[in-house]
Amino acid sequence: MDFYLITLVKMALTAIVLLTCCAYAVWVERKVLAHIQLRPGPYFVGPHGLLQPLADLIKLLTKEGIVPSHVNPFFYLIAPFLAVTLGLTSIVVIPFTPPFEVLGHQVALGLTDLNIGVLFILAISGLGVYGIAIGGWASNNKYSLMGSLRSSAQMVSYELPLALAIAAPLLSINSLNFRQIVNAQEGFAFGIIPHWSIFAGPVPQILSFLIFITAAFAETNRVPFDLPEAESELVAGFHTEYSSMMFASFFMAEYANIITICCVATALFLGGWHPLWPSAYGSDLVPVVLLAGAGLMLLFHAVHAARRRTWDRFSFPVFGLLFLGLAPLFLIPVLKPVLIPFFWFVAKAGFLVFVFIWIRGTLPRFRYDQLMRFAWTFLFPLAVANLLVTGLVVALTGN
Amino acid sequence: MSDPGLTAQLEPVETAPGSTRKMVLNMGPQHPSTHGVLRILLELDGEIITKAQPDIGFLHTGIEKQAEALGWQQVVTLTDRMDYLANLSNNLAYVLPVERLLGLEIPAKAQWLRVLLCELSRINSHAVWLGTHALDLGAMTVFFYCFREREDILRLFEMFSGQRLMTSYIRIGGVALEPPRGWHAAISKFASGLSDKIDEYEDLLTKNPIFLQRTQGVGHLSLERLLDLGVTGPMIRAAGLAWDIRKSEPYSSYEKFDFDIPTCTESDVFSRFRVRVDEMRQSLRIVNQALEGMPEGPWKADAPKVVLPDREKMKTQMEALIYHFKIVTEGFRVPAGDAYVPVESPRGEIGFFVASDGTSKPLRVFMRTPSFGNLQSLTPLFEGRLIADSIASLGSMDFVLGDVDR
Amino acid sequence: MDALLFLVFAAIAVGCAINLVLQTHPISSALSLVGVMGSLAVLYLLLGGEFLAAVQLIVYAGAIMVLFTFVIMLLNAGAEKKPSRKVLSTAVALPLLFTLAGIGAYFAATQTPSADVVKFGAFTAGPLEIGRALFTRYLLPFEVTSVLILIAILGAIVLARKEI
Amino acid sequence: MLADNLKEMPVPAAIEAWDPDAILHSSFEHGETTLWISPDKILPLCAHLKASLQFNRLSGLTAIDLYPQEPRFEVVYLLHSIPANQRLKLKVALPGDNPALPSVTSVWAGADWYEREAFDLFGVTFTGHPDLRRIMLPDYWEGHPLRRDFPTHGHKYSYKDE
Amino acid sequence: MQLPLPLPAQVPLSWYLILSVILFVTGAAGFLLRRNIITVFMCIELMLNAVNLTFIAFSHQLKQVDGNLFAFFVMVVAAAEAAVGLAIILTVFKNRSTLEVDEVSSMKL
């Protein structure tokens, strides 16, 4: 019984944490995008708009969920539910830290340790298309239908290069289990270059990493592949008719997918929780330095304010002290084996999320036929060639 | 503008065996990329448009009719409201034929000020165009960069006229107000930074492979077809014809300025982008020349029956007070006749055909607006092409619905 | 717990299968089939077919059924106009089918020793075992299926061309 | 019949030579050439102007309502020749009841919307136009608002109705 | 863990087989009774799935991987079949604009 209880608690915790992360990913996206585009972004609700996600949530929850008269209500209502469920599901196989000991129990951050973790991710992301397809179809709107048709074709097409890009590093790692995959990337070549998939192995998998990230953009319907919701052509694509929490569910699903796929990329290619350089050279101090630096900077600005907004007077000292207080946690020997790997994992995944936003602020969007041609005539052959070369080298060098 | 029954006027959708079914899509009048209230009925075969029928008039406010009820000078305020991105060109295009009918001689300083402000509004209009066009293609950031420049220009307009958008600054007989203190420094400051900012847009777009793929070879129409359809402005120049009214029929002392007519020969969306970006640079050249060589002198014509006297004079001289009273209560009379003076607005040839019957109100003001002419190329630009391409071509036409519908 | 999982997912599978047959709109049928496939994937997991469970979701639910829904949306196929066949043929066919099901179930229940229970974890066919068998004993069939898929792709392309 | 100050100009002279009856009368004021053309000659004249005299653009087309004068309408063609850098104004006088003209869409495709607009706002019919419908106003609109007997504040509508 | 229901802790193999029979027969019934060509096609897929379940159940029973492999091959063939079948359906619909099986009975139009 304990096992089921613990699993339930873990599931609930993961869902809450992931949903919060999604909400704040939206905040981060709006903030980063705004700064790329020379504007402040959200800053009214709470200090630096930090409470904006909460405000959005309240707004979306209290809005009327409109079900237009011409839709197919069952499918119309089930589509956002499907999308958000599938979006939240795939995170369960990602391990965030190595196992550590708490009160005599071996535990690790991460929900489950599936043998076929990678296949599970592929399976769930393959099902992810249903939410969009059904939502677009059930809306009974021409723009929605075209959006959902596009997205079905797009996601099925980009699944192939995605899967092939995942397969290449697995050839040398020889496992489908995420924990084993991350463990295989431990260590440093020449004592300094990390033994991550993109650097090490018989064939550095930098190419398949790029293919993976490109296909991931398409899988998550992000610029430059955001054709299903290309607002200049299809108004809002598959979610044109949706409002309130149903719309928010699609939104959440998109961000959950982004976070998941960034975590997958981190675990597969970027060495998971392994640090960027050996701890012998002080990589363990990075979070301490970063947090302490941020805290000190905030305190400095709290004293020497360039311009005083009402919130800053309180938020700068509070956050400064908070960060300063967090910094020493990374030095406590008991917490070290949890926090340091977790920090590295989150830092890498967070950087990838930042790349997603950065690209959105930079690139225009593809045309539909160009997008399909890009998948089939460029990405797919490239992924196959990469897989073949990797397989050949692994076969020749391996035992 | 038509009632919803227009859908029925499209040929019935064929469902006979052997033919794929076609879908009729009603794009607009509320659609993110029709840039206003344009409605287009599309007949689609998959993602290819087989038939496109634009439907305009949703913004028809009867400006031409209103003009017949207002005094000559008052019509200027109406012209601002047609093409709200290039209002100074509109003002100028209205003012010029009236001044021709009146036989007014405009002092050099007023002419140069008009040129300066028209070129600023050209930069403004092209910046807005570039931003929205890039937004249509999914490049969101360019939009905000362009609006930064637009904001600067609108501040300059506000400085001159007290208004950001509806400036009504160019009036019959000169300009509305004396240029404000510090205007020269303000414009110089803006102009000195603009070149780098145009480079910034080009950094984001010109070499971006996705942007090139989306725009190169898209939306091609031959020069003959464009001329036949009555298209003017950058679209014609992007098709290879170096025709610019500022050069061919100079007005408002444009002949004294040194600038080039940027042209391209491909006549696709990308060449229209190139032409407009180059035009921004040429406009910057003109602005700089106007700043350097701004002549001294009066800023309104010496025509007491037409131009309001100075406030100072009005309060001290009896004669000026009488003129002021007459102009304000009755307006001024314009000799009978008609005139048409074309002006190169950011979108192409704008011209007001003004007819007078000798009274203090116009007999007829016909507005030959560039957007109206350019929009006629929509059907050939759409038919037989992809929806995504049609969005790019639609953006490249650069129309303002207020200008189309009036 | 095994029994509970089996019963729950078997019930979902049967429910979805019946729904598939009863629904008039093809999209509903397709989604019911996805439901059957999803619950079967769980049953495969219970039977130790880890790899097959994943492939069931990736290939069947994630690719084949997406193709089905895609085609249904593309053709904009509506609900069937006439609900089903003539009453007589239904009346004859259904009892026959039920009889067939009864016979099958009878044999399944009696011919297998009741002591044979399915133990979760007693047997696992993970990627490693499948791969090893696939590339040794079943190499020829494997290659033949790849040729089959190639032919299928060509056939699909030929059929889907505009001219036909 | 050409005005004196137009006799020297090549284009009016060429038109005069092409058909002496085409030009009813003419004027040259403020540097703008205006020719009054008889209604039945306008279509062949436009074709001739485009084919032989390089007038490749129809810059605009509109009408003037001279109510209560008769002939009531004047349809104005604003022509432009880019190669010769020349502009020409053609005017056709039309009677008040049932004003009609041949359409020039066959010469310049761009005349399409201008003629529709003149039809919509003035009620001038263009025979031979491929798609003569209202363009600005809805199909159910009654009357032609740019006629001078159409009140500026609109008819059949008063604020009391609200 | 004690279950509240009077259930065996483990399921006999026959239960899986009976489930497979039920699914197969449902598929067959749909195949015979439905008129929409796409639904008919989906019923075939359902029958294939039922067979796969049997394969995997026996594979577990015999503790041999072969049953899994058979199921795998069935899936591959089903994928190929779906590709060709749907292409045929598209063509049929293009030529006859109907999806009713009965109306596609003649070879020529």
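Letters A, B, C, D and E mark the chains in the order given here, with residues in each chain numbered from 1 onward.
As a convention for this text, a contact is a pair of C-beta atoms (placed from the backbone, for glycine too) under 8 Å apart; a residue touches a chain by one contact, two chains touch by 3 or more.
Keep in mind the model is a prediction, meaning the values are calculated, not measured.
Enquirer: Starting from the defined contact criterion, work out which chains touch chain C and chain E both, please.
Expert: Chains touching both chain C and chain E: none.
Enquirer: Which chains contact both chain B and chain D?
Expert: Common contact partners of chain B and chain D, which must touch each of the two, are absent.
Enquirer: Walk from chain A over to chain D along touching chains and report the minimum step count.
Expert: The fewest steps needed to get from chain A to chain D is 2.
Enquirer: Compare the CA centroid of chain E with every other chain's and tell me the farthest one.
Expert: Of all the other chains, the one whose centre lies farthest from chain E is D.
Enquirer: With centres defined as the mean C-alpha position, give me the chain C-chain D separation in Å.
Expert: A distance of 73 Å separates the two centres.
Enquirer: What's the distance between the Cα centroids of chain A and chain E, rounded to whole Å?
Expert: 36
Enquirer: When the C-alpha atoms of chain B and chain C are each averaged to a single point, how far apart are the two points in Å?
Expert: The computed centroid separation for chain B versus chain C comes out at 63 Å.
Enquirer: Give the residues of chain E that touch two or more other chains, as numbers and ranges in rising order.
Expert: Counting only residues that touch two or more other chains, chain E contributes 1, 94-95.
Enquirer: Among the residues of chain C, which ones contact at least 2 other chains?
Expert: Chain C, residues with two or more chain partners: 51, 55, 63, 67, 74.
Enquirer: Residues touching two or more other chains, restricted to chain D: which are they?
Expert: None at all.
Enquirer: Quick one: which bits of chain C touch chain A in the complex? Just the residue numbers, please.
Expert: Per the touch definition, chain C meets chain A at residues 27-28, 31, 34, 38, 41, 50-51, 53-55, 57-58, 61-63, 66-67, 69-70, 73-74, 126-127.
Enquirer: Over in the complex, which chain E residues touch chain C? Could you list them?
Expert: These residues of chain E touch chain C: 1, 3, 5, 7-30, 32-36, 38-39, 41-43, 45-46, 49, 52-53, 56-57, 59-61, 63, 65-66, 68-69, 71-73, 75-84, 86-91, 93-95, 99-100.
Enquirer: How about chain B: which of its residues touch chain D in the complex?
Expert: 1-3, 5, 56-57, 60, 62, 64-66, 68-69, 100-101, 103, 225, 227-231, 241, 243, 248-249, 337-340, 342, 349, 351, 353, 355, 363-364, 366, 368, 372-373, 375-376, 405
Enquirer: For chain B, which residues are in contact with chain A within the complex?
Expert: 23, 25, 31-33, 47, 134-141, 143-145, 148, 204-205, 208, 210-211, 213-214, 386-389, 391
Enquirer: Provide the residue numbers of chain A that touch chain C in the complex, in ascending order.
Expert: 75, 115-116, 119-120, 122-127, 129-130, 133-134, 137, 145, 148-149, 152-153, 155-156, 159, 176
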